[in-house]
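Notes follow the structure.
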Amino acid sequence: MFSSSSSPPWLRTVSLGVGAILASVFAFILFSALAALLRGVEWEFFGAVWSPREEKFGLLPMIYGSLILSFSALALGWVLSLGCCCTLRGLGPRWLAKILLTSLRFMTAIPTVVYGFAAVFLLVPVIRSAFGGSGFSWLAAAVMLALQGVPAMTLTMDGALQSIEEQTSLTAAALGLTPVQHLTWVVLPASKKWLLSSALLGYGRALGDTLLPIMLAGNAPQFAASPLESLRTLTAHIGLTLSTGAGGGERSSLLLAGGLLLVNSMIVSLTARALAGRGPAA
Amino acid sequence: MRKREMSLLLLSRLSALLVLGVLGGLLAFLISRGGPVLGKELFFGDTPPLEALLGLRPVWNGLWPAVAGTLFLLLLTMAFAVLPGIGCGVYLSCFASPREKYWLSLAVDLLAGIPSIVMGLFGFLLIIFLRRTLLPRGSTGMLLAAFCLALLVLPSLIVATRSSLEALPDSLLLAAEALGFSRGQTLRHVLLPAAGQGILGGVMLALGRAAEDTAVIMLTGAVASAGLPGGLTSKFEALPFAIYYTAAQYADRAELDRGYGAALVLLCLSGGLLFLSWRLQRNLERRWKGVR
Amino acid sequence: MEFCVSLRDLSVSFGSRQILKGVNVDFPCRKVTVLLGRSGSGKTTLLRSINRLNESFDGYRGYGTGRVFLDGVLRPISGSGSLPLSILRRKVGMVFQSPNPLPLSIGKNILLPLALVAGKEGEEGKDAMKKALEEVGLWREVSDRLDRPASSLSGGQQQRLCLARALALTPEILLLDEPTSSLDRAAGRRIEELIFSLRERYSILMVSHSLSQAQRLGDYFAILTEGTLNGLLPASELPHGAEAETFIANLL
């Protein structure tokens, strides 16, 4: 609108200051992670065993845990979101769409810790009685992460689909396509990019979430092979280990875990930006 | 050909019902367990409410310290975040040169994606760093937690401010310029009031995010029992942390019930904030829809 | 005279505004009828009531009767005894004011409606696509890039694609809503020539804002004033040259 020279000087200072602080947050974490990596060569941070008593600080089980948990939650959540989005866009009756939209909006307000709390006393016992074991498992965390991710993913998908639908509905109707055909064969294929970027959003959130894995996944630092086994994510690892006030190798491994999470979220954000910047806007 | 339509139809019906069913079950469960315990006792235990509110007597078996801690934390967070957030949003939408716009919005986008536990870790590292250098006696506490939460919600504030301003019709700007307003005057008397509701909505959204976040405060000074917030650098209680802690460590039925109550209270708090922000932003949209 | 569309006391309103106020007209078969009228007089609305596209809008209410002559049978446009919606729209093709390719590839733009609406898939669909593209003179230009996005074509090419898309569905009636108004003169001429070449095989209802274009193409003229229309004017009854302009201006 205006040019930068016309800005009040204090506003410019504040804004650039904010930018500088944000940049230094990144620098600080990345630098600490790097320092930890260099310092702790003998601790084998990328080893497969986490056992502080034996001076083994391998982060691999947590990296594995973070990845399989977030991808499984994403797969489940994305499919659910696609379904919900189709309901919103006219595959379901109007009343159902209305109820669903209100519910999804409300769900964005539910605190993660509340999801976690309810799941500890509702979902975990169900899993325990159905499959045995403690119930605190990959499965429990994945289900809740998926559910938690649905509203944000659905609403972003819906926004994009809606605008494409508005642009093309008259044309499709004039050709004799039914609304269902229009959605299936025109709108969905044309919004691939946004379906992808909503998946990216869901992945970023699932991988960065701390509370659900820490409350539900059991937190054993191991390579879970079945959904009923316990696992530990990088985020939960930071939360659990830091609050015990450990030092040395444990502390350094945390810094590295933080750095890994940060790098991952940066990759996600940059990819999302690149996706949003390319092609015609919705 | 028809197969794809059928399976999509099936999927849509299934997932809508599944999501609604699970959500309904979850809420019913929380309300049925938490509803009965809502009341004076939930907050104040057996301390007289007035004395508890005034801080004359400590509350041992109630949520009041956690509620007070959360409210205080929110206040402090907003004190840190609101001005820079709105200022940066205004600068981005109105004044920034293309280069500044690129770099600032890149920083904001990147920060928006940071997992909150990483922000907590940052706070923790920051205090260690400060202890080694400037503040040998510094420790985690309210101030640090609020600072990190402020960083966490800054991006959403900036984005909300920016998009509220950019949603205004160009004609508004032109009209003000044509009347001979200076840039500052246009901004203060025309643009900001016009976008005010949207910006306020963004603040509510940020409040909601700060109120529910657990991972940051877990690493920056929240504890299970600290009484009422004692000062800027002391440890504190907070609702989300209390819920998290109860789920893992509850000792008896009464504590568990308090956990359900806390979950319900927090749900109402963030639900209320979201509702407010939604109303405000919808008002803004309605107001300018005819003009665009 | 044989007619393809017959409207009796057709009224259309959106919300509380009445747009068409009792239209009575029979459009002739296999001729070009040009609809003239001021902006906002309801020309687009009239075309859309023939393929029931008005029903896609909120607040639509329609009265009166409309009948179409398709497959040798005269049927009501809507109500009992009418054709199913998708068949009606397949038989009554429409081209819009500005080109509106679907956000798909060039080929898919034609193949998809063929498959979904006309049930022509595979080789059959491809043949029909080729035929339609040849009919609008686009085949040579796009045959080697059918999988590129349709938005990569020029405006005139896009409009011919839209025409081909309608033709591929083997319609009997074509509704053309100012098909040349968003194009430059050369591209517009191209479309005009196409319409001229189609006049023998299709019944064409066309909205035009250009009097000279109307005179070049039209066999009949229909003049819409404030939502009413009564009867047609054969081209032979229209005075020529500058007189025509004042003549029509008087009618409007």
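As written, the chain order gives the labels A, B and C, with residue 1 at the start of each chain.
We take it that contacts are C-beta pairs under 8 Å (C-beta built on N, C-alpha and C of every residue); 3 or more make two chains touch, one makes a residue touch a chain.
Keep in mind that this is a model prediction, so the values were computed, not measured.
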Counting one step for each move to a touching chain, how far apart are chain A and chain B?
-> 1
Using CA atom means as chain centres, which chain is nearest the centre of all the protein shown?
-> A
By mean C-alpha coordinates, which chain is most distant from chain B?
-> C
Mean-CA-position distance for chain B and chain A (Å) = 18
Separation of the C-alpha centres, chain A versus chain C, in whole Å, is 49
How many angstrom between the C-alpha centroids of chain C and chain B?
-> 55
Two or more other chains are touched by the chain B residues none
Could you tell me which residues belong to chain A and also touch two or more other chains?
-> 181, 185
For chain C, residue numbers touching 2 or more other chains are 116
Per the touch rule, the chain C residues reaching chain A in their complex are 51, 53, 56, 85-90, 93-94, 96, 100, 102-104, 112-113, 116-117, 151, 165-166, 169
Within their complex, chain A touches chain B through residues 1-4, 6-8, 11-12, 14-19, 21-23, 25-26, 28-29, 32, 79-87, 91-92, 96, 99-100, 103-118, 120-122, 147, 150, 180-181, 183-185, 188, 204, 207-211, 215, 235, 238-239, 242-243, 254-255, 258, 261-262, 265-266, 268-270, 272-273
Counting only contacts in the complex, chain B reaches chain A at residues 4-5, 8-9, 11-16, 18-20, 22-23, 25-26, 29-30, 33, 83-85, 87-88, 90-97, 100, 103-104, 106-122, 124-126, 129, 151, 154, 158, 173, 183-184, 208, 211-212, 214-215, 218-219, 240, 243-244, 246-248, 259-260, 263, 266-267, 270-271, 273-275, 278
Which residues, counting only chain A, touch chain C once they are in their complex?
-> 164, 167-178, 181, 185-186, 189-190, 280
